[in-house]
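Worksheet: the structure to be examined is printed underneath.
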Amino acid sequence: MTNHFGDVVGHSKAILIIGANPAVANPIGMKHFLQAKDRNNTQLIVVDPIYTKTAAKADYYLRIRTGTDVAFIYGLLHLIFKNGWEDKEFIKKRVYGMDKVKEEAAKWTPEVVSDVTGIPTDQIVQTATLLAETKPATVVWALGITQHSTGTSNTRILPIMQLALGNMGKKGGGCNIIRGHDNVQGATDMCCLADSLPGYYGLSEGSWKYFAKSWGVDFDWLQSRFASPEWMNKKGFSLAKWWQGVLQEEQTYSSSPIRALWVQGNGLTSMSQTAKIQEALNKLDLLVIAEPFLNEAAVLTNRKDNLYVLPVATQFETEGSVTATNRSSQWRSKVIDPLYECKTDHDVMFEFAKKFGFYDQYTRAMKMDVKEGELVDVKKDFVWPDDAVSEIARTLKTIGLGGWTPERLRKQQENWYMFDPVTLAGAGPMKGQYYGLPWPSWDKKHPGSPVLYDVDVPVNDGGMGFRNRFGLEHDGVNLLAAPSVTVKGSTIKGGYPEITRENIEEVLGSKLTDAEKQKIGSNWKTDISGIIQEKCRAAGVAPYGNARARTIVWEFPDPVPLHREPIHSSRPDLVSKYPTYPDQKNNFRVDVKFISEQQAREWVKEFPTMLVTMRVVNLSGAGMLERSSKYLSHLTPEMFANIHPDLAFKYGIRDGDMMWLHSPQGTKIKVKAQHNQSVTPDRICLPYNFAGVMQGVDLSPNYPEGTKPYTTGESSNTITNYGFDVITQIPEYNAGLCRIEKA
Amino acid sequence: MSSETSRMKFMCDSSRCIQCFACSVACAEAHDLPVGISRRKVVTLHEGVEGKEVSVSIACMHCSDPPCAKVCPVDCFYIREDGIVLHDKKKCIGCGYCLYACPFGAPQFPRDGAFGMRGVMDKCTMCAGGPEKTNSAEERRFYGQNRIAEGKVPICAAVCATNALLVGDAEDVSAIYRKRTSSRGKGE
Amino acid sequence: MLENLKNTMSAKVGRRSFLKMAALGAGVGATSSLLTGNTLRAATEEEVTNPFPGSKRVKTICSICSAGCGIIAEVKDGVWVRQDVAQDHPISQGSHCCKGIDQIDLVKSKQRLKTPLKKENGAWKRITWPQAVDEISDKMLQLRKENGPDMAMFLGSAKFNTQQAFYFRKFAAMWGTNNIDHVARI
Amino acid sequence: MKTIIVFIITILMLTSMAYAAESMIWGNMLIGNILSYGTKDSLNMGPLFTILQSQYFRNIFLVIVIGVPAVFLMHYLVLGARFFSHDGKKVYVFSLFNRLIHLLAAISFLVLIPTGLMMIFGVYFGGGPLVMTARHLHGLATALFFLAVIPMFFFWVADMLPTVDDIKWIAIFGGYLSRKQSEVPAGKFNAGQKMWFWIATLGGIVMIATGAAMYFQDFNLGIASAFGLSQIDLLRASAIVHNIMALLITALFITHVYMSLFAVKGAINSMITGYKEEQELKYLHSSFYRKLKAQNKI
């Protein structure tokens, strides 16, 4: 989220919710949207393939064909550019590459967009006019946008629209992406991911060297831990296709097939291709599962041995911070001691770190601190989690976690009542701080940045320009912000590059003492001494520079986002006009089929009904937590699929009958049909939070005694169609096809 | 018994209710109700019909002139000074007349006894417990928490995700709702 | 006597039915209205206090979605007895959804995993922690000897707190692989 | 013995099945029932039931339970009972099977009526466990009564059909209003007994049906939709019918008890031994007596 919920209540005049269902997935976020609607007459526009609970509260509801979000936004941009409604000043001074987007938008007349998306032209024109006239407007989205084969283009076209309308870096504007799990934002910031070190440092050698130094370990030792130095810089397997590493059905590009799977708090049954996952789980040499509730992966497999389940404590039995969707960090105090024989997640890691022989290196950093610009050992033993919080605060400079010291986070929790819900600003002892210190919070005195990229606020109070991340110029065009774009209170006028050891004196115009010169790091991201941030604070300057936001990503297959039909599209005529990507080699160590899968057959002939997944309010993620609660499981006692009565009668399915759903890969699930008006007769939607039944076969015998949840059911991901995003490899949950058959 | 003093009332703003079940699960959790017995229910009408779908949370409305109290053959109801309609589970015989009289279907009948026969009636107490000693273990066993006695707000309205469900003195509740509807559609 | 009887009757039974009642003899109606007169009394001081004396209120955050709603957990003698309302939390202001107000069930649920388990020739067997740790690490190290560190795939969690997430990434790095991911991928 | 167990299990099964099924009262039907009081052409029984139950039923029951016995007491004191000699011929009128079934029905009524009244006047019994057990007994006795009412209906229905005599009987009120005993026109059963038969059997079955509806409450057998009612309205209708029918049955039950115990001395013996006195037949069931004479059964 570039802004926060309170900001929407305070300032937004229009909210475009596309590919998100906050009424079900984030009800408290929905409260803020409804408060904005009531208090400021904010216009709520909802774009969704299904008439969801969020759409029920919308002022304007647009029913879109799933997988055509880029086309829809281009439809809006077409009208915005044609009528000159774009914010020309903003684009000229702070954006790079908007002209190329303008060219592409020119093709997308309302008629073409209406044909592709299924939204009537008048609604497209109405929405474009409304967004052009009502400012500031914010855009809200979630997995409905990202879970597509064109997920990356989807998540780029929306900020591009906000840039065109000049809504970025404005109170009430911005892109408010609603995250899913409670600490998915925190776990993503810590990059529990295959393609980066914590803090989005990436996997380059420079980053590894910085982390070796920050962790207080010898880089060569760290390099020796890998199969060979080259594998240190290569992205690992992803959660979406690790099973290819086990099954080896296709070419994989890793130093070894995967033989052991370590699952710690990861609901495998909410992954796509569940049938393949089952095969992989059976083929593994070792499966370790560490969870508070039984991970239904242990039930999915009927392997006979080498399957271990470790009881782990929940977050209420330990202490630590959690990062909310608006980048605020909140402290959790320990409610009770771990129950039964459960151990906390970190104890499990320490236990095995000892066994694997790297416990000392593992915990060394917590016993160190920066003294006079040097990282030195300061104590013999560490205190969890405070020392880990300090280690993270001093290490992750890219996203500015410098301000997240344990003392500040704990103090904010004790005084959380002193913060204003609309502005997050603190009062009394908390004055001068924003609630949760939303990153970037550059140093121990920084209040946090509730609204990103707002140049009308001083840097030391949370303001900043766009980050200078893509070099100084591209194709001869200067990438820095225009000279007239000066962050309030900054001594440096106009755009300036990211601060490094070489350019600090020249950019900030202040001299470094010799001692400082000797201690300073190579650039602001790896400057352990903290001198760069000190200087930047004095100059009122953001260490990451003040540049232009780029709409063209020259490293991606689509520099300008393009509409490409989903892999299993319901419109064969459009597949030839807007084909998907060419097949991809070696992304996350696997090959991914795109065009070959899309053109393998005319899928819509055999699988006529569109398949969309949806959320129900009482289940989330793999649903295991909620299905083990007697009250929540009672709200949805069975797995079901919403189907329009007309479509149901075509197959002779009455309300409550069972039906088979077949997928293009040949898998099938047996679910209860629920007649429902929220879907149109050409599509069905079903929740993805059930597990425990696999293609009609009940897996109850596989549950250890006493761990079976109150409700089990088919996992909709058994029939999620094959398809992955070209950059992030996120599966295409939300755009697929299926065939209905009366059970 | 004069009605000048405050009369506690519920009111659900259906333009805010998103059927998130926080109220009914909060009530069930707070009072340890058996599964399937929900003193507070959330009902959605015209689900999925564009422009017509509306949700509302409904439970005992603590009527000023409660039909349940009038039809009870053992007269186990008593109405508090602040208008909260409560009943005595030790007197109730579980006949069901109060359910027939209630326009909102608030009374619930948990199963108890050997043959799973219908037990005594259970209904929303507006978190004000029952005739037993306030905040005693026995009161909590029969009626659940007595939050009103603790000076706290009833749990369902306190945790409503979108502040749709309002509870309190009738005047205060209507003042909040009036303020909200006055700005709706026009802005402050 | 008849006068106040009329008042009490009319307030409670409603005007239109009052005359019929009086005509048929007020014996029946009178008892119920008089009855309510004396059960009301002001709550004594100690009654207003906490039903769980000596309990402490612990502040924490819901573990389901990323909104980050505040939770007040009432804990008595190390047992989480009740979930109260964080009325003054700047993001949620006391509100929850059904999953949030049910967080206490994560601790009360009978389905919680209680002991380490191992599947041995098709049947679940309870094992101790030391045995689990030894067997798992032996197997892991043996597989590592055969195929090198990339034979392992670590799946971290979006339910970790930030410190645990950082250390799980460090755990995979020091094991020697980039085969690590978590649900942000999907 | 096995059938009884199966019977009980089905009852329990019904309750659990009803419990698990989508509730017909508390589910989506809920809003359907909240028609504001008195909306036009709404078949909303709510207000009707509330008014009847809160103001009328209990009082009318009071009138019957006190009034009817009072009337018979005055009749007994003023006009006195009827005596017939016991030394004449005895006519075998009721078979053992008749008497057994009648006994079963009698026992169930002796439990049903008092427990029913205890529930209606529950407030005077202080409510709570005592009246709760009355409610459970009421349920059990219904099962007993269910066994008795069907055979009773079939083996007496033929004699219970209305005839011309009945009109005459009603006109002279069965002859009970005058001291002297004249030959009263009546068949095997006189008009009073016929009235009681129809009320007790057909009315009894209606009582069982409405009582069962109230007992199970949340069943989903499609009865409500068959009548075009919502479940709650079906329950309200059952409660109203149950109470009104109970008024009738209570009144006639008291009459039946008075007639057999006090008004005609020794009348109850015919139900115990099965024999009726010749003289009693001659006067109280004259047509039946002449018919028997004609068939020289006497």
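Think of it as A, B, C and D in the order they're written, each chain with its own count starting at 1.
In the analysis below, a residue touches a chain if its C-beta (ideal position, glycine included) is under 8 Å from a C-beta of that chain, and two chains touch if they have at least 3 such contacts.
Everything quoted here is computed from the prediction, not taken from an experiment.
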| item | value |
| --- | --- |
| Leading chain pair when contacts are tallied as C-beta pairs | A-C |
| Chain closest to the middle [Cα centroid of all protein chains] | C |
| Whole-Å gap separating chain A and chain D, where each centre is the average of the chain's CA atoms | 72 |
| Between chain C and chain D, centroid-to-centroid distance (C-alpha), Å | 54 |
| Chain A and chain B, separation of their C-alpha mean positions in angstrom | 40 |
| Mean-CA-position distance for chain C and chain A (Å) | 26 |
| Shared-contact residues (touching 2 or more other chains) in chain D | 54, 58, 123 |
| Overlap residues in chain B, where contacts from two or more other chains coincide | 20-22, 25, 29, 36, 70, 75, 161-163 |
| Per-residue multi-chain contacts in chain A, two or more chains | 27-28, 31, 617-618, 630-632, 635 |
| Chain D contact footprint on chain B (complex, rising order) | 36, 38, 41, 43, 45, 56, 58, 67, 70-71, 73-76, 88, 90-97, 99-105, 108-109, 111, 115-118, 120 |
| Contact set on chain C toward chain A in their complex | 58-70, 73, 75, 78-80, 86, 88-93, 95-100, 102-103, 105-107, 109-122, 124, 129, 132-137, 139-141, 143, 146-171, 173-186 |
| Chain B to chain C touching residues, read off their complex | 1-3, 20-22, 24-26, 29-30, 65, 69-70, 75, 77-81, 131, 133-135, 140, 145-146, 149-153, 155, 158-163 |
| Residue ranges of chain B touching chain A (in the complex, touch as defined) | 15-16, 18-22, 25, 28-29, 35-36, 46-50, 53-55, 161-163, 180, 183-188 |
| In the complex with chain B, residue positions of chain A that touch it | 23-24, 27-28, 30-31, 34-35, 37-41, 51, 53-57, 61, 617-618, 630-632, 634-635, 642, 676-679 |
